[in-house]
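Mind looking over this structure? Questions follow.
The first chain written gets the first letter, and so on, giving A, B, C and D; residue counts start at 1 in each chain.
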Amino acid sequence: MAGHVDHHHGAEGHHDSGHGPSFYVKIYAILMVLFIISVLGPEFGHRTVTLITAFGIAIVKAYMVAVNFMHIRQEKKYIAYIMFAMLGAVFLFYIAVSTDVQMTTGANWENHAAKSIIEENKDFEKHLEH
Amino acid sequence: MATSHAEHHDHHEMSFWEKYIFPLDHKVIGMQYLFTGILMGVLGAYFSYVFRMQLAFPGTEVPLFGLVTSAQYNSLITNHGTIMIFWFAMPILVAAFGNYLIPLMIGADDMVFPRINRLSYQIFFISVLVLIASFLVHNGGFGGAWTAYPPLSAKAEYNLTPWGSILWLVAVVLEFVAFLLGGINFITTLMNSRARGMKMNDIPIVCWMIVLASILFMASAGPLIAGAAMLLFDQTIGTGFFDPARGGDPILWQHLFWFFGHPEVYVVFLPAMGIVAEVITTFSRKKLFAYKVVLFTTFATGILSFFVWAHHQFIAGIDPRLANIFTVTTLLISIPIAEMLFVYIATLYGGAIELTTAMLFALGFLATFLIGGVTGVFLGASGADIYFHDTYFVLAHFHYTFVPIAVIAVFAGLYYWFPKMFGRFMNETLGKIHFWGTMIGFNGIFMPLFFTGAAGDHRRIFDYSNFPELAVSSLQNLRTLATICVVITILFQFVFFWNFFYSMFKGKVCTEKNPWKANTLEWFAASPPPHGNFPVMPEVYRGPYEFSTPGRELDYWPQNEKA
Amino acid sequence: MIELLSSNGSSFAGDINNLILIITVLSGFWLLVAEAVLFWLIFKFRRVPGVRAQYITGERKEEMKWIHWPHNLILVCDVVIIVFAIRVWYHVKQDLPEAQSTIRVIGQQWAWRYVMPGADNILGTKDDIETVDELHVKVDTVYHFKLESVDVLHDFSVPQFRLKQDAIPGRIVTGWFKPTKTGTFDIQCAEMCGIGHGIMMSKLVVETAEEHDKWVASHTPAGVASN
Amino acid sequence: MGHSTPIATTRSVTGMPTGRLAVWWVIGSEIVIFGGLLMCYLMLRLKYPHWALNSSHTNTFAGGVNTFVLLSSSLSIVLAHHYAEKKEELKAVGFIWATIFGGLCFLVIKGIEWTTEIQNGYTITSSLFWSFYYTAAGLHALHVIAGMILMGWISIDVMQKKNMHRVELIGIYWHFVDIVWIFLFPLLYIAK
């Protein structure tokens, strides 16, 4: 109820992003171009190219959405820091856990179940061709 | 400016239903969490009584239960652990105190999202029902330990509790969702709704602690929620996420679990430290020693807590090289926590200590938690953990942390805020009897268990007579001693319950707003505070611990008192 | 019970016991100091009518030293503990000495199976001896064990050896031990593995060389010529 | 419910409106949920190269169209936000419903895609890859559904020029759901 707002805190209701529809459409167009590149990437049949076009472009796209659509730049700085901290937690998890879940052997252990699965499927690339 | 809020609500008389069953008021929701938590604590304590009796007198009928089979034993300890952490410690320390205290202490009239708050409790309540249902289904409750390691937890052919394990997992996930919703409320409320003038350094420590605990929970629970979905699919539709024969990995679950599990222990530790900070400053009439250091060490603990999880898995088959890294980080975390504890102890220096029941419990927390913390160092040293892992030494370690946190500090908080919550005093004499009974009983339970653990007693064994080395009478005597102390401790809780419920309705009336002469804002509201909390929204002029300031006649200086 | 607290049935049990002792001394010292100061303050600074508490912010330099000194000293203690802990760990878990004999240990709900080499001391030959819940080894011999599980997690634990390692389905974990005393020891399962977890115990028999040879001879499967 | 908004909700010590602050925290907690799941997938995907074979059976076309649909719906919701700020409620509602329609298209395509996969014998239990495929995409689809429901609910208020700021909040959430898909798409469809 309006009468109950403590005005002294002065909530600024919205950000003033200052962008108009044409700006958003422009961003959208760029995103589309990037999207098409990422789909075409594998057509080169080059593994590194695919990886770059797939994941590199995903990161660029995510960045563009976060900055231009979610207006994370206009937000207080710590919002971005919090998001990065959460991402940091995720990567920390990956870094530590991959050292044994992603491996099939290590110091004094081996994952023979995983090894035999890999062994059974070692000629999968032949099936990929056709 | 600050407007009167009370009048606004007068023309809307709330029905009982609206006020107590589907409330929006943060205080009522806090009470719902408190009483649900206490009930679950009683259930968890009852379970511990049953299985301790089985351990002391294996194979005999346990009064109030009957014979304990090994399947029942496993289910009892599993659900004891789960209940005590997720349905007793967290609801009371984080949700009950968080809901009750945060708006009051930062000078707000409610949480920022009362409806989400209510939803949080409702989901929590459903999780309680699901958990209780899990005991009653065919083949009984889940018995694969609170850590729920697959493949045991993933396949009914291994755990033999097809429904119990599914319902257990669903209950835990619902509880997580409830606490995520609650946590978002706590965080935004503290960030955005502080009273005018309350700067970062004027926030009472307990509010900081509960909010940081919520952040820790939020940042660590995510992978486990995803993992729980994976485990649920393994259980119900037969996927193979954790099945090695199909390419999955049981170790992956352990990482998911402990990545959450270790920060989780600080999720309950921090609010307890917060409660203790409020109590010891008030009853020693002292400013908190180095407020900023407490904050820094809390942040350091929070950050470091994400780097230590694999110390639970030293001998679980992770790569031994990884263990070395985690040994280093685990030992380093002793520094901020030691610093925090030392700061609290230093606060007492030069004080005017009054040993009320609340103060006794707060000091009791410090004295016993130190033991729990120091024994953690034994386990963090990977070389020593080879021997201690999964022995009763670990068990005694974490009960020396959990019981001070979830029982002793909670008692300190309840005795301290009781006049505010219910407008009456608890009986001090009964309180002191309860204190000594609880302290002596609790130490009597777990001190012997350090020794049985160091002698080789493994956890989760329903009958030691199967192991010749452990079946000796010197060890059995210690086990029996522990059990006798459980019974004593539980009996002394009746003193508490009598005191609590009697005082709630018939105790000495607390006519003052501020019976303990404390500084924080909740003492500026009426006891108990009405809906809307404050007659006039307070403003803050100074930090929360301005006790015994030189040059003032009074030895306290409320945060909202002008100059 | 006292014997169990200090028992050292394997070559590295003494190292682990010593490590525990070091930690006990270092952290026990701090525990005692902290508790002593705590109780001293509680008794010293009781409320006396008319006496006001002191006003100490704890933020001045000479006050902060009460935090900084313990901070640095604990760091030193931590480093000492880390060094010893990792040394023991490295010795027990990471750097395996040359094996004189290798065995397989297989956990299953709810028993331990052992596969020991026969007289040829080579695993995987026809004269291997397979037993359930009873493991026979020779004293003063370095054994490697290959730990496996067929169903759920188990944990191969010999408390008197200070030996413990999880058995994981799908994986083989290699560890080692060298028994230094003859006698019979408990082997326990130290990882929750279902309703039979509490009965999953077996025996470890450490024998002298002659006794062990005799045992091997009498248990070699019939019809296998030991060569 | 006859209750007015508490004073607490209207305060803004950080300078950010409370709702927006909370939405960012929601997204923070979602990052770890999706992140945890995708990291598990990533580890095993890198461990088992032959999953490339499985992922070659995913329908890149359907996944691509869905990426297009979600990116477009991101545009429409940001436009809805724009008009909501301008207090042009009709345009705002129009774009909200365009976004809901986008979500619907996404789900229909997903439904067709899954049906064909299942008909071809690739179910959630076929192999670990497919388990992740259905779990990750399913969790994402749940978020799409939740977003659509919330948008429908918000649009009712917006029609009456009430709670216009909520358009921005649901927008931020929706963009996040979009970003998750931006990563799911290469992870599940393209990387072969």
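Odds and ends about this structure:
Just so it is clear, a residue touches a chain if its C-beta (ideal position, glycine included) is under 8 Å from a C-beta of that chain, and two chains touch if they have at least 3 such contacts.
Since the model is a prediction, treat every value here as computed from it, not as a measurement.
Between A-B and A-D, more contacting C-beta pairs join the chains of A-D. Computed from the mean C-alpha positions, the centre of chain B lies at a distance of 34 Å from the centre of chain D. For the pair chain A and chain D, the distance between C-alpha centroids works out to 14 Å. Put simply, the C-alpha centre of chain C and that of chain D have 49 angstrom between them.
Within chain C, contacts with two or more other chains are made by residues 93-94, 169-171, 173.
Each of residues 4, 7, 11-14, 16, 18, 25, 28-29, 31-32, 35-36, 39-40, 43-44, 48 in chain D touches at least two other chains. Within chain A, residues 1, 4, 6, 9, 85-86, 89-90, 93, 97, 101, 103, 107-109, 111, 113-114, 117 each touch two or more of the remaining chains. Inter-chain contacts occur between A-B, A-C, A-D, B-C, B-D. On the side of chain A, the complex with chain C involves touching residues 107-114. Residue ranges of chain C in contact with chain B, taken from their complex: 1, 4-5, 15-16, 19-20, 23-24, 27-28, 30-31, 34-35, 37-39, 41-42, 45-48, 51-59, 63-64, 66-67, 70-71, 74-75, 78, 81-82, 84-90, 92-94, 109, 151-153, 155, 157, 159-160, 162-166, 168-171, 173, 185-186, 188-199, 201.
For chain B in complex with chain D, the touching residues are 3, 5, 8, 12, 18, 24, 103, 108-115, 180, 183-185, 187-189, 191-194, 198, 218-227, 229-230, 233, 237-241, 246-249, 252, 256, 537.
Chain A makes touch with chain D in their complex at residues 1, 4-6, 9-14, 19-21, 24-25, 27-28, 31-32, 35, 38-39, 41-42, 50-51, 54-55, 57-58, 61-62, 65-66, 69-70, 75-76, 79, 82-83, 85-87, 89-91, 93-94, 97-98, 101-104, 114, 117-118, 121-122, 124-125, 127-128. By the touch rule above, chain D contacts chain B in their complex via residues 1-4, 6-9, 11-14, 16, 18, 21-22, 25-26, 28-37, 39-40, 43-44, 48, 124-125, 127-128, 131, 135, 139.
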